[in-house]
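Structures given as structure tokens follow.
Okay, so subunit A shows up in both of these, paired with subunit B first and subunit C after.
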Partner chain A sequence: MSAPLLETRGLTKTFGGLKAVQQIDLTVGANRIVSVIGPNGAGKTTFFNCLSGIYRPDGGTITLAGRDVTGRPPHQLCRLGLARTFQNIRLFPEMSVLENVMVAQFQHRALAPLPLLFRSAKYCAAEQAHRDEARKFLEFVELGGRANDPAGSLAYGLQRRLEIARALATQPKLLLLDEPAAGMNPQETAGMIGLISRIRDRGLAVLLIEHHMKLVMSISDEILVLDHGVPIAHGKPEAIRNDPQVIRAYLGEEIAA
Partner chain B sequence: MARWRPYVLGLLGLAAITFPFLWLTLAPDFARNTMRVSWTPRHGLQFFSDLSPVFLGALLIWLGSWSNKRWHWQARLAGLVPAQRRAESIRGLKFALMPLVLSGAFFLSASSLGIFTNVAIYMILALGLNITVGMTGLLVLGYAGFYMFGAYVFGLGQEHLPFFPWWLAMPFAFVLGGGAGYLLGLPCLRLRGDYLAIVTLGFAEAFRELVRNLPITGADQGILLAPHATFRPQLFLGKGQMAFVITALLVFLAVFLIERLHRSPVGRAWIAIRENEIAAASVGVPVVQMKLLAFSLSAAIAALAGVIAGAKDGFVSPALGEFPQSITILAMVILGGLGNSYGALLGAALLYAVPQYLALLPSTIQQNPGLQAAIPPFLREALSHLSDYHLLLFGAVMVIMMLYRPQGLLGSARRKEEMLHR
Partner chain C sequence: MTADAVPVTSTITAILTDGVVKGAVYALVALGYTMVYGVLGMINFAHGEVFMIGMFACVYGIGAMSTAWGDHVALNLMLGVVIAMIFSAAYGYANERIAYRRLRRAHVLAPLTSAIGVSTFLQYFIFLTVSKQNVDFPRYYSDWLTNGHVRFATVDVTYLQLAIIGTTLVLMAALFYFINATRMGIALRAVAQDQLMAGLVGIPVNKVIAFTFVLGSALAAVAGVMVAMYNDVLGFDAGYRVGLKAFTAAILGGIGNVPGAVLGAVILGVSEALTTYWYGSGWSDVTTFVVLMLVLLLRPRGLLGERVADKV
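Right after this comes the complex of A and B.
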């Protein structure tokens, strides 16, 4: 069997005395949807920041497609096929929606200075091809009609969709989504469920942080539950739903007992 | 038309400031031992007739732009990609300005040529600084240090090499200035935010002190350049004309190349870094490398401007790298609009030309008896000291700008253009 897409072994991150994430072992196979859930402050976003290179883990290893990538900077991880969105949306608000997506094509662009400065025919053709491709990504997340608006003017839910389009434009194999349905109404959440399954249909694997249980239970292949930075359960959605430890973490001792 | 409104308003404002002084002359009145200001309509008429090529040129440009919008002839001529056509066809028209600007070498007086050459040098500096401060969002407070660096590369080179004229010094200074920027950026671009500002400020000051105290660099006096190295009369052009033409051509070249970069994946990456560094890194933009590229490119441009300054003045001195220089260039970029190359041009023109006019004001009044009679003595007294207060005026203008138009005069132009012309 070929190496799994993403594998972490004993991943640990501490801030001073606080052990934010401890000993996480997780494997994500190609084209799987894996969710990470847990109460607030459980270390989910810290885990994502370690995976995407924003934090350098204090212990353990991260393997991406069979290659050890522990401690690599974000842009290199992106080059190796890992893209992410952010819980607190991080767009480029002054740029147009289309340009936001085009920024993400940076690593696929030829940047020889002379053709670029004097706009050779080849460069113009590449620019046009990437622009068309960026429009396709926008249409994929149903933002096609807003391509020329400033990204900062989009409504909240649409900004989340734009972040996903931007992440897809890096042509990743694995997409990390940090609370994509946060603050969405039921209708928008249903749209997000559809979008995530369509992303899976494109052949990507998705690693998902989400509080919205209906979303998590309906599309995940596997679920990892964190509490205080420690993995407390790992398995299929049905198993997690009835796991006493998970119920205790979410609802407290008395109810579980 | 809305795109042109800030340009037109800026020019009208400048015209309104200077308009009254067109019609007046100052002459000494030896009998009363004062100056007389007199009303001489001839001067104003002369001025407008001198400017008629400008009006004609503006009319031609407008006609060209209008017919181009209607029939898209330029896009057909250049065979551009459809998506770039509309924006490009309008933008490309700036080169129609070139013959007009260059012909200025022939109809402007020697002293105005000197002023406009300086304006052009500041334009190049502002364009360069705009790459780091405006596009990439890195605050640099010691930009004049690179300007001085380029001038001294030229000065020392022509002193120690048998043949080192300005046109040979330019590529040298460009490459060495870029290298200096790279080396300086390497340690501090990994830091965040204001560290870069302080480090560049410190390095610029340290470099200036070093130059002021080394015998090899001629200390405070600087270096007198050999005549063969500086601008000199060539072909049919005089020395001042030569300086003006070369500098103006470099302004056009800089605008052309920088705007091409601005609208390429590189420019997009720079703006992305300014807008959100973490997001830029996570979509694959190598943040440190792109910052280094922006910083060393702008350092290289400043060094190039340093060579021009040396070749124009015939000497280089530590005065080029003084802290107020850095601040003036920064103010030009901010006034014009961060991230907008045309804004940098406008800012440079306004912030250099207005103090020049203010400095000329008292002597203009003194030479013109009519004006002197028209202006009450207390006001005349105040006006004669006006240029002493130009920094105060700058301060006031900057505060007003920050309150009412923090994006600068042309700050929103790029965004608007992006949204409209796609």
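Right after this comes the complex of A and C.
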């Protein structure tokens, strides 16, 4: 088997004296959906921020497709095949839905100021291809009809879908989703489960932070549980569901005892 | 026809034309301020000097060409503009690379102070190495434009005035199209709205910012050449004065807002021309800043400042 898509070894990040995440070892292979769960403040988002280059880890290594990428800046990680979404949606709200997706395609379609100046036929064709491709991503997340609306005008659930379309447009191998179903009703959540499965079917690996247990249990291949920055369990959904340590972390000492 | 014989109405129209022409030039320079502010949230006080360098590059370029292959007016003028754009763009780029990029995450006062430093440095760099005196624009190149004119109803508009207004309009339209309809423009807006997120989706943020400086500087260079021809004279401190006016225009229209910069510039140009006509040129700067203060008191974010959507 070739090198796994993502591998972290002993990943650690501290803020002052606080160890936000410690010693996380995680391996994610292609076509896998791996969830990271844990109580609030467990360090899940910090873990994501380390992976996506927003934070520089204090210890440990991150390997992406066999390459050591520890401490690389976001745009380089993006180029190497990592994309993410945010818990509190981070779109470009003043741009149109279509433009939000087009923004994410630049690394695959270079920006060249000179051809732009001369507007060659080749340049115009490339520009058109770029738009068409962006529309395909919108259709994939079922936002095809809203292409020209301002992104900020979409309903909350649709903004999450748009954020995913934008992440997919960077053509990642690994997609990090930070609470994609937060604030969604059961129907929207079911739609999100379908969407994440379809993303996996495209051959991507998905790393997921989610509080919504039904979603986590129904689509995860494996689950990593964090508590106070420390991994306390790692395994298949059924095993995690019955793990006494996990139950204790979520419900408190007395109840579990 | 002597000055006394000109009917008052046509004099007013001529004054207004002069105001619009000045406004057009301020607008081109103001765009540089407003684009950089839109993208980086900083005021590039050295932008006026980039404009001034464009003036000098053009005049000295034309001088060199006229020695090299004679005075082919149209050819040399066009190449002169290109030379000015290249020089200004290079200075604007170097400026960002050397004086601002490392300060991007520093407190907002750090790049501002750096910009004031660069502004002073460039003025005296030109003063010491290029020319301590004012330099005349070669009249042979501008006379045909300033002498020839077209009559619209009651007012004579010189070819140069037409060229300035026309060039400005074309460049504005091109810039508007660029920002709103091209991929590079989308990247520019993305960086302006959320730099971190732009990086996360793979936009080369540093390149886009550098390009913003190059673009704004090239526009300033065009303005520089036009002002040099219009005023017939240029000096090391020309950028400081025009830069201050253009900066004021950008604030007046709502900094960060492209149409606002144009609107502010035209208002400024016209009010300046009218003041000069009524009270003499000494008062024109007074009006400029009285207008600015009034607008800011009534609309602190500038005339179009609340339409954040048009921010570059």
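Note that in this section the second predicted complex is superposed on the first by the 257 of 257 C-alpha atoms of A that agree within 3 Å, B and C clash if a C-alpha of one lies under 4 Å from a C-alpha of the other, contacts with A are read in each partner's own complex, and residues count from 1 in each chain.
Keep this in mind: contacts are C-beta pairs under 8 Å (C-beta built on N, C-alpha and C of every residue); 3 or more make two chains touch, one makes a residue touch a chain.
Owing to the predicted nature of the structure, the values given are computational and were not obtained by experimental measurement.
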Q: Check subunit A with both subunit B and subunit C modelled on it and let me know: fit or clash.
A: clash
Q: Could you look at A:104 and tell me whether it touches subunit B, subunit C, both or neither (first, second, both, neither)?
A: both
Q: In the three-chain superposition, say which chain, subunit B or subunit C, touches more residues of subunit A.
A: B
Q.
By the touch definition at the top of the document, which applies to A:128: first (subunit B), second (subunit C), both, or neither?
A. first
Q. Counting only touches as set out at the top, which of subunit B and subunit C does A:170 meet: first, second, both, neither?
A. both
Q: Based on the superposed arrangement, let me know which partner A:136 touches: subunit B (first), subunit C (second), both, or neither?
A: neither
(Q) I'd like to know which partner A:67 touches here: subunit B for first, subunit C for second, both or neither. (A) neither
(Q) Given 1-9, 73-81 or 397-405, which part of subunit B has C-alpha atoms clashing with subunit C after the fit on chain A? (A) 397-405
Q: Name the residues of subunit A shared by its contacts with subunit B and its contacts with subunit C.
A: 52-54, 73-75, 78-79, 83-84, 90, 92-95, 99, 102-104, 106-107, 109, 111, 116, 127, 150, 166-167, 169-170
(Q) Quick check: in the complex, which residue numbers of subunit A touch subunit B? (A) 52-54, 73-75, 78-79, 83-84, 86, 90-96, 98-99, 102-107, 109, 111, 116-119, 124-125, 127-128, 131, 147-150, 166-167, 169-170
Q. Okay, in this complex, where on subunit A does subunit C touch?
A. 52-54, 73-75, 78-79, 83-84, 90, 92-95, 99, 102-104, 106-107, 109, 111, 113, 116, 127, 130, 150, 166-167, 169-170
Q. Tell me, which parts of subunit B touch subunit A in their complex?
A. 80-84, 257, 260-261, 264-266, 268-269, 271-272, 275-276, 278-287, 415, 418-420, 422
(Q) Quick check on the complex: what are the subunit C residues that touch subunit A? (A) 178, 182-184, 186-187, 189-190, 193-194, 196-205, 207-208, 211, 308-309, 311
